[in-house]
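After this come two complexes, each holding chain A, first together with chain B and then together with chain C.
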Partner chain A sequence: MTSELGIVFLFLALILSSFSFIKLNFGFFNINFSSLCNIKITNIVFTLIFSSFIILTYSFINSDFSLDVVVNNSNSQLPFIYKITGVWGNHEGSILLWLLVMAFFGFIFSKIRNINNEFKELVLTIQNSLIFLVSLFIVFTSNPFQKSFPPKIEGVDLNPLLQDPGLAIHPPFLYLGYVGFSIVYSISLALISNKGNFKFIEILKPWVFISWTFLTIGIGLGSWWAYYELGWGGFWFWDPVENASLLPWLTASTLLHTILLANKNSLFFKWTIFLAIFTFILSLLGTFLVRSGVLVSVHAFANDPSRGLFILFLLLVITLFGFIKFLKILDNKNHKEINFLSREGVISLNSIFMLSLTFTILIGTIYPIFSNVILDKKISVGAPFFNSILSPMMIPLTIGMIVGPFIKWGRDDLKFLINRIRYVIILILISSLIIWYLNFGGPILSIIFFILGGSLIASSTYELSLFLFSVKRKVKLSKKILSQILAHLGIGILIIGVTGSSILKEEKIQFQSIGEEIMIKEFNVKFLGVRSVEGENYISQMGLFDISKGGNIIKRMTPEKRFYNSGKQMTTEAAISSGIFGDLYIALGERSENDPDEKKWTTRIWYNPFTLWIWMSVILLALAGLISFVRFSQSRL
Partner chain B sequence: MKKKNKRLKTLLLFLVPIFTGATIIFYNLKDNMVFFYSPTEILDKSDEIKSFVRLGGMVKKGSVSKENTFFNGANVEEVSFIITDFKNEIEVKYIGILPDLFKEEQGVVVQGNIDEMKVMRATEVLAKHDENYMPPEIEAIESIKEKINDI
Partner chain C sequence: MRLLTLILIFFSTNLMCLEPDEILDNQNLEKRAKQIGQQLRCLVCQNEDIQNSNADIAKDLRILVRKLLLQNKSDKEIIKFVHERYGDFVLFSPPLRLDTMGLWLLPAGFFLLMIFFFFRRQK
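On to the complex of A and B.
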């Protein structure tokens, strides 16, 4: 009974938000709909969608097998926590979560006090229209409250790969990021209609920073999950869906820089609006790629072509609407001149580089679709393409991050600049020599990137020390500077982590007999045997490995192969021992069929240098984003 | 005149990097594309297929076997199986851990090189990731299988 209520609530939300949609579109023709209060619509729509989401969650907790989505993605034996996360572990539920987040951002926006009421109405009209489009999609193509016929007594189970705490929280964070940019889109379009008033850009700032922070955490969590759950020993596979989350992150990261200048120079105002619109479009494109299944991707769910077409339609409407509006502000050309050698100049260059990078990855990601549809050739673009593009691009970007913060606003002089950064140059030379000496046994490419990452860490630390140990007590470490330093430091650490764990990775695949020892790096991995262990809803074969270094046993590692009864599926649980210089990573394969003693197993052992640094960088970046968010949400109009 | 010059300068400033960029990208793309073939296509076009390819089809029933071999100086197990599209077959050899969802009579995509004996030396085996999900290529194969079963 309650589940019927869920779809009724969604219908009501659809009808209510359609009023805003009508108002927005007829607003073009100057028909007066001023009596319509969008703030109220936002509040009611949010309550309706929230209730609907609660009802779906309730159905999952109670294992209500009269619903299709519960039957296919849950099971009465499923641990409680995974019954809840099962809500978004499927297409219908995750789109409902998407809608909920969209309504939530509108709801929070409507609660902010000191925003001009007229402006608030305008923003919410656009946000409600977006909600209308997405609820249309849900009601007509992806109803989570679809009855199963005939009713079932037991569910199929949640995909075991999704039965994992990392993945349980990955989608909500990613969605908070993706969909956070819906309110950024709405505010930006409202800013265009309100043109000339640069002061309103302040309203946009906190939303950009918080969405970026969520997106960063979301991507980080996904990558972390892939690393420890898939048992492939990697953290990033250049899979189309991963690229789809990286694209809005790149444009949003560019946006973080231009928005700081948007109220000073109309050129940056344009950049900001463009990037804000583009970021949301890329977020939608990501959803399209995941949900339509047009690309071969490990993330794609069982799919239905009508959904893909519908999202493509949404994407077109939202893109056209955004860019037609954007053209309105392109004509005013009277912006201030920008000096090449100034902070503004560096930020402009950064924007150009980042956008080029974004477009390149975009082309690589969607080219297979064109090739398939137009040339009738099925292809996939592999990791080497993306690596060959990213590597050279990272060099100017990193140099920009090293020097940029020391360049003055407005106009700078090369002589003074060099004088200002003389200690940075010395630090970089010293760290380069140290890295060259340590070498880590890698090829030249890895040394270049270690030097780049190391230099960025050195220059950021130097900048931080300027403020912490300032002789003149006048210079205070502001939130702005701290956030910038932490973010750049985070990227420096990320570069080291990515370089180490991709270029310097060591892999050993072999047959390992019980009692046999394998050497990798300075570790001795001894296979002790396999034991059967029973979990809550699975049976597992647990391999026992003793790790010793220099003759002393330092750790026992236990990779597993789990067999889930209800869904008859296997998963691999790798064992990872993390350290600051690298991770030891073991995945257990199958037992040999040809060995009469049944003592040999396939094992795959990796040494992944500096992988921990990747996760540290995500924490630093998120922290930097949060600091900026706090700063801008305090200083509003 | 001055204004015109300036406009030309900005135009060049934008067009030159875009043009060079695009050329580099497409050259790069061409080098890094991996083509997807079925067993029949591999046998038909064997002259043009030289590089790294993807091969998709069904794992033939009863074809999976394992034998010991040496790889990088270590004793490992090599898996071999036959991929079929119900018209032609290609033998695949692979060293490594098979994906959890790899089974006989199911769709699979492998990536690697085809040697002179028309044997695929796979470096990667991709099976279904989610039991409900199938890569489009595999889906097409499954539908062929159903048709054959119907007959």
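On to the complex of A and C.
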């Protein structure tokens, strides 16, 4: 019975938010509409959507198999925690989560005290309109409270790949990031209507940083999950779905830099507003690409186009609305000229390279669809293409991160600059020599990127030491500087991690007999056999491996293959032993068919250098984002 | 957001990839086989190269690449051979032609536009 209430609440939210939508559009055509309290609407709409979400969660916990989504994505045997996370492990539930996050951001925004009431109304009108559009989509194409007919007594099960703690929390973080940019979009459009009052840009800042932080964590969690769950030790596949999350991250990362200049130079103000709007559009584009099925195949899209066309419609409306508004501030008035050799210049170059990178990945992701539909030619664009673009782009970007923080505002002088960074240059030379020596014989590409990453780490550490060990104690380590240093340090560590685990990866794939030892790096991997283990809702074959180093056993590793009772599906659970220099990664394969003694199994053993550094970098980046968030949420208008 | 793809990967293949009996004894050749394999798409999968796919066609292609390597063919010749047989779809980095021009020209044009936007001289 309660499940009927869920859809009723959604309907009410739809109707209420439509008032804001109507008001917004009358306002757009310059027709004055009687005053309407959007703050109240935001609060009620949030309460309704939240209740609806709780009802759906309750239906999952109670295994209410009268609902389609519960039947298809849950099972009475499912562990409690996955009953809850199953709520967003499907299309309908995840879009409802999306809507909830959107309403949540509006709700929090409405609670901020020190914002001008008129401005708040304006922002919430836009945010409520976005909520209206998404609830329209849910109610008409993706109703999570769809009744199952005839009612079932048992559910199919949640896809076993999704029965994992990493993936359970990945979507909420990703959505907090993606959808956080909806409020960024709303505030930006309100800023335009506010005749570009530079001071109001302060309101935008905390939202940009917190959304970016969530997006960073969300992408990091997804990558981490892929690494340990998919069973071949990769962490990034340039899958269109991954690209969809990377695109808004790249524009948002650019935005983090330009927003600091937005109240100093009108060019950066316009550019910041553009990036803020564009980031949310890219988030929506990602949703369209993933949810419409257009990526899987154009035919899948054509067979069931209702959802895809609806999101395409949303995308077009929101894009057009955003850009038509944006044109209002795009005048040809003179702005302050930018010198190449200045902090403004470096940040401009950062924008140029980051956006070119974004644009290339965007083109690479959608060109195959375009080529298929318009030119009737099937082509593929994958990892080799993206890597060949990303690698050269990373060189100027990294150099910018190394030198940038030492360049002066306005105009700098090359001689003075070199003098200022002489210690950095020495540090870079020393670390380059060490890396060259350690990595001698490695592929040239790995040497280049280790040197870039190492130099960035060195320069960031040097920058930090300038503040920590400043003798005169004149310069205090502000949150602003600390956040910048941590973020750049994080990127340096990320470069090392990505280079190591993709270029220098070692693999050993073989039929391994019980008792046989395989050497990889300095580790001796001894196979002891396979035993059956029973889990809560699966049975698994668990391989036993003793790892020794220099004759001493240091660890036992137990990769598994799990067979789920309900869906009769299998997952691979790799065993990973992480270390600062690299991960030992073991996946268990099949028993060899050609072996009469039944003692040989396919084992896949990898050594992934520096993979841990990737996850460390995510933590550092998130920390940097949080520090800036705290800094800007404390500042008062 | 990645769920859909992953579910599809899960159903279309069985998670595992290169089998031990396919591996060449000659380590240099195997290394080259791996590099070539990463350039080629498993035709029935979503965004998987033949090296990491368990689909039958990926296995056939892996074996074909290794057979050609043993015949002393160069990397370029092998990729060309596979391309001629299986069409553009098999290449992860498309050949530069009139219809794929946009893939390179659009980003380049965008780059120039951006430089103009930031660094043009003021009147």
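By definition in this document, the second predicted complex is superposed on the first by the 623 of 637 C-alpha atoms of A that agree within 3 Å, B and C clash if a C-alpha of one lies under 4 Å from a C-alpha of the other, contacts with A are read in each partner's own complex, and residues count from 1 in each chain.
The criterion applied here is as follows: a residue touches a chain if its C-beta (ideal position, glycine included) is under 8 Å from a C-beta of that chain, and two chains touch if they have at least 3 such contacts.
Model, not experiment: these values are computed from the prediction.
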Chain B and chain C placed together on chain A: clash or fit? clash
For A:242, is the partner it touches chain B (first), chain C (second), both, or none of the two (neither)? second
Field: chain B versus chain C as contact partner of A:461, first or second or both or neither
entry: neither
**Request:** Considering only the touch criterion stated at the top, classify A:375 as touching first (chain B), second (chain C), both, or neither.
**Result:** second
Counting residues of chain A touched by each of chain B and chain C, the higher count belongs to C
(request) Check the residue A:558 against both partner chains and state whether it touches chain B (first), chain C (second), both, or neither. (result) neither
* Is A:363 contacted by the first partner chain B, the second partner chain C, both or neither? -> both
Quick check for you: in the superposed arrangement, does A:161 touch first (chain B), second (chain C), both or neither?
both
*asked:* I'd like to know which partner A:509 touches here: chain B for first, chain C for second, both or neither.
replied: both
Check: Touching A:388, do we find chain B (first), chain C (second), both, or neither?
Finding: both
- Task: Once the structures are superposed on A, label A:148 by its partner contacts, choosing first (chain B), second (chain C), both or neither.
- Result: neither
So the chain A residues that chain B and chain C both touch are 159, 161, 231, 293, 296, 356, 360, 363-364, 367, 371, 377-382, 384-385, 388-389, 509-511, 569-572, 587, 589-590, 602, 604
Seen from chain A, its contact residues with chain B in the complex are 72, 159, 161, 231, 293, 296, 298-303, 356, 360, 363-364, 367, 371, 377-382, 384-385, 388-389, 508-511, 561, 567, 569-572, 587, 589-590, 592-594, 600, 602, 604
In the complex, the residues of chain A that touch chain C are 89, 91, 94, 159, 161-162, 171, 174, 222, 226, 230-232, 234, 237-242, 244-245, 267, 271, 286-287, 290-291, 293, 295-296, 334-335, 337-338, 340, 348-349, 351-352, 355-356, 359-360, 363-364, 367, 370-371, 375, 377-385, 388-389, 509-511, 569-572, 587, 589-590, 602, 604
Given the complex, residues on chain C that touch chain A span 1-10, 14-21, 23, 38-39, 41, 46-49, 52, 87-94, 99-100, 102-103, 106-107, 110-111, 114-115, 117-119, 121-123
Counting only contacts in the complex, chain B reaches chain A at residues 17, 21, 25, 28-29, 31-36, 54, 66-68, 71-72, 74-77, 95-98, 100-101, 109, 126, 129-137
